[in-house]
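Chain lettering (A, B, C and D) follows the sequence in which the chains are written, and residue indices restart at 1 in each chain.
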């Protein structure tokens, strides 16, 4: 065998690259965007924006960029929509929800293509937004009209819409992992939409860079714990929205997130009731394998091999597996992703590739880093 | 408040202490038995037995005992049933299943009280043993008659029987965590025995001291993965046996174990269907709190606080919590234990305390070690 | 061999126990004091004081104490010197330096025995205090007179003075590890006081419970880094003070601390020049072994075995080792301790035992927790 | 600023790529070579060889490659020198020392360019090889003549020789980190070659993929320990060889390696005596900054910032820093690298780039992965 890096068209010359900006570059998803976009052959990073760290060079905030040509000395700047619009054609917003919506609206009004990594444009139903994200000061979605134009940025579910999207709502990390595991089984009618249980486990980087007691090394380093259980985590409605679409009817499920003493990775385990308990176990694997046969970033593991977050670390790939417990009549669908890549920044780049007409794998083809 | 260590009778003088032996002292549960029993005020360690490391001083095999009076220089000896019987009144067997049954039978025949940490005497039904543990060479349980005399060593479920037990089958780590969380809810009829889902997460020490690729630091250190899913893990029938007793009818459930990058700890999440979906959430907590009100080693956390394995590390305590997801009509019962203590060696000591008529908390009263 | 827990006099009855208070109970060393003192047979915890968390039950601040009789529900109270003096005979102060000195002075004036875990009374020379701890607002030591009465709480160096001490300055974690490894070699004249290099590595719990970016799991979890190098860490003068005493002359050394991705433990490596390069390697080991032969908490490992923090976790023991590099003519003395036990709270209890005339090992005899 | 990925010539077409083979592809450095070379724009992987795992597809041995076009299904094959020579022009050997020398000689005889990651061709003096690597069966270097043609593969020291090398001895991980920190200071005469102390800390992946007790998660996960101290680690003569060259005279030093609970990374701390203790601290930084100003993979951190292995994880970059302890008259030079990249496979690719006349950064330009 001869194996080479993917045959691609030559990297674009500097002049031909699409200028992109990153707003919220001082957080982990911002840094991951810098990592990925700085290696992307068809774009150029044209601006890095951050609030708290504005004025500092990137390499001071994130020393992993120290010494890299241009990047390390690039300054973080305070956000200024006119400046962004003057410099960039595409903007990645890695801001907290609420804050993001206002900036996204301003950028969209200037006809920029926006990849929003916040939750602000993920829930299609403004009432759901109000229920899950509303606050006394901001009880409603700030821009319900723009919401209707946003496309949920999971290429495996909405690829066609993404090709023409101007505003992409990049999915949450837990939803990405959960939907990739469960949607094909629901879609194919192999499992019931009733009574789904999602037990998901996340690395600590999902909590961001702001220090808290819960994410303090001495507290999080040698233990596992659930949090926001029993329908209180805001990713619940997002998962339900997309799995309802897959099932063809509205469903509700229980979702339990956990904090695991590792930096990166999400493992989602979805427990479902088979629609036909006598169906052979192989049918579930076949359905997933068929559904994902041509997906560039989803690998259905062979029967007997189970997803492990270690093997997707740093990559945009999802590892998916399924097993059927014939004794207990329960289907277990599993997936492992890197929460910062396929669960956030990598997926955002994948969506950008679609929206700009690039090959979908551009800038994302590298293998995971193991060990 | 004035808080002192538990009021106990004075420590027994050397002559009055019960001599105990540990067979299988070179593994992690063996070492944990040494740690606990060396601090127990009513027993004296009278012999340490191990196969591979026989002849070596304990402190060479486990340097944490170096420098401790007597203990550090105590040798590991090859097992010899006559010698054990001559020295000890109580024997802890921390051996692999299959191997354990033969040694336990020999010791029981010599009228020693035996705490068996293996799986050999846990399943009351010999047919279940044959199904889950049988091999071509040893298809059946080696001693079905003795099996009938064994008591399943979970004091919270079988305390009375343990008071007169001569052979205790100390439960597995996953079953201990799972049963403590789920049994009271089944017993009280609050949840259905149908369709239980157990998603459990274990630290790596549960896999023992023998090095493998799966437990190699570089492989296990920054990832989480399920293993032996869909009814293939041998703790499944043990959980089902005890929860069937609690439910008053035979039940089957699906059980998913995971390997988590931490050394100690098990977290079990049990998903159950409420028998009455309109029941208030508080009812589940009240049932657990009432059931465990007088248990020395089970703490039901206040509503809103969730179990975290960090807070039971090194202790014999279980932290139990429950939540009701009214949206999805699902009860989530959770528990956290230290797999090597309440999940193995500590529980064995607790059973010994009962069998010998000691106060149940003797030698086990210390708080967890955090951080 | 028969090995039982140490023969001690029976635990004191509640009335005979010495009442002790802990000021600063909401930090890690405070919690560790609670863990140790709650198991100590001759004292009773008579009060827990904390500023930020005053009013909360201990078990809410530190869930590892949940469910423990009395302890879990004991409230943290705001510090009040009269209340402390009314309730307690002995006080452990686990407060930040500066803040501690003022409270210690007040307590000492009320004739309480004080174990101060801060740095305020460690440096015997007020000028050194001013140099290393002075601030524009507080340029000088707040109580130079009281400073003269304080005893540096390293029993292996100052045992006799500790037997009559009323104010003990409990050493820092790095100094404890470093001095235990190096002092006997200096004292015996085996190594030169010139040019000592101390390269020390600490677990993250040494930084306390306050969350910071440096101790955030995602930042500290998969890397090692030096900090406060080249004579800028405040433990430097403390180490120099004690090693100067051992050497019989003033010495200066370079000290490099590191942050290691583990919760507990300090490993100190001390590099020294032999006074006689032709001296056989065994001489260094012999000197350490002789010096520590009767020490209850220092184990000199056999030649060829090297200290590992894993084997002292949770215990008050220090593991010490030494090697001679004949090629490079350099002696390497090493020690491993648990920074929160022998490096802080355990050592404070050991000092209390001496000051109160208890057996030195009371309440501290348990083995380390491994794995 | 506009920042794009490095301007390079377009990726070579498949036909123009240099075919490379990896011998020893089932270990960690082998997998890392696959990761890097599969993304390299000018080479194609033409063969993967392994002994124990021969016959298995790469993705079974290393699931991080599952689903990648071509790579995942590529089989590991048993080594066959004729087959390698027929397919490849360049061979990377990631084999144990001793075994490597024989295979390298065979490949070199067939006029292949060989990058040897073992220690077999690193020590230029055959007597040193005999002393450090000789065994009763193989007391001497197997091919002293070929040894004379090998070039020590540290581009920062031997770039010119590497441009024409046919056999490159890729340095060890500890030597790379140590030499990068110390050599410029010796070369410039700023520090004395006498009495150097090297205290280095490594992640566990440096021990390879074979499971051992020392690298078992439960043993290595929460502790730090030194090993092979006092002139017994085989990287000692390699460090001495290169630093002697830098100093212009033969030197000996003491070297202490440690095992740290992290997967990747090496931190080296080098303690040296200044030749002029009155020299200002800035001089050391200036010397390093000047020396490395044009190096593509060495970043000298600004004064006050210290190396942290977290910030070089996955990259071929070294972070170097220096501090002067004026109190103790000691210079501390530090460096952080990823042991599997700049300490092994990345450096091998860098050497290949030089040997083949490619731009030195090709295939290695990506930033580190943080967090």
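FYI, a contact is a pair of C-beta atoms (placed from the backbone, for glycine too) under 8 Å apart; a residue touches a chain by one contact, two chains touch by 3 or more.
It should be emphasised that the depicted structure is a prediction, and the values quoted were computed from it without experimental measurement.
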Which pair in A-B, A-D or B-C has the same interface as C-D, with over half of the contact pairs matching by residue number? A-B
For the copies subunit A and subunit D, give the interface type as same if over half of its residue numbers appear on both sides, and as different if under half do. same
Quick one: report the Å distance separating subunit A from subunit B, using the average Cα coordinate of each chain. 39
Whole-angstrom distance, CA centroid of subunit A to CA centroid of subunit D, is 34
Interchain centroid distance [CA atoms averaged], subunit B/subunit D, Å: 46
For subunit A, residues contacting two or more additional chains: 28, 205, 218-219, 221-222, 261-264, 308, 310-311, 313, 371
Work through the pairs of chains, note which ones touch, and then classify the graph as line, ring, star, complete or other. complete
Within the complex, subunit B is touched by subunit D residues 28, 203-205, 207, 209, 211-213, 215-222, 261-263
Contact set on subunit A toward subunit D in their complex: 1-8, 10-11, 13-14, 17, 19, 28, 31, 34-35, 38-41, 43-47, 62-75, 205, 222, 263-264, 298-299, 301, 305, 308, 310-315, 317, 319, 340, 365-371
Looking at the complex, which residues from subunit A come into contact with subunit B? 195, 197, 199, 201, 218-219, 221-227, 229-231, 236, 252-254, 256, 258, 260-265, 267, 269, 271, 273, 306-311, 313, 323-328, 330, 332, 334, 336, 371
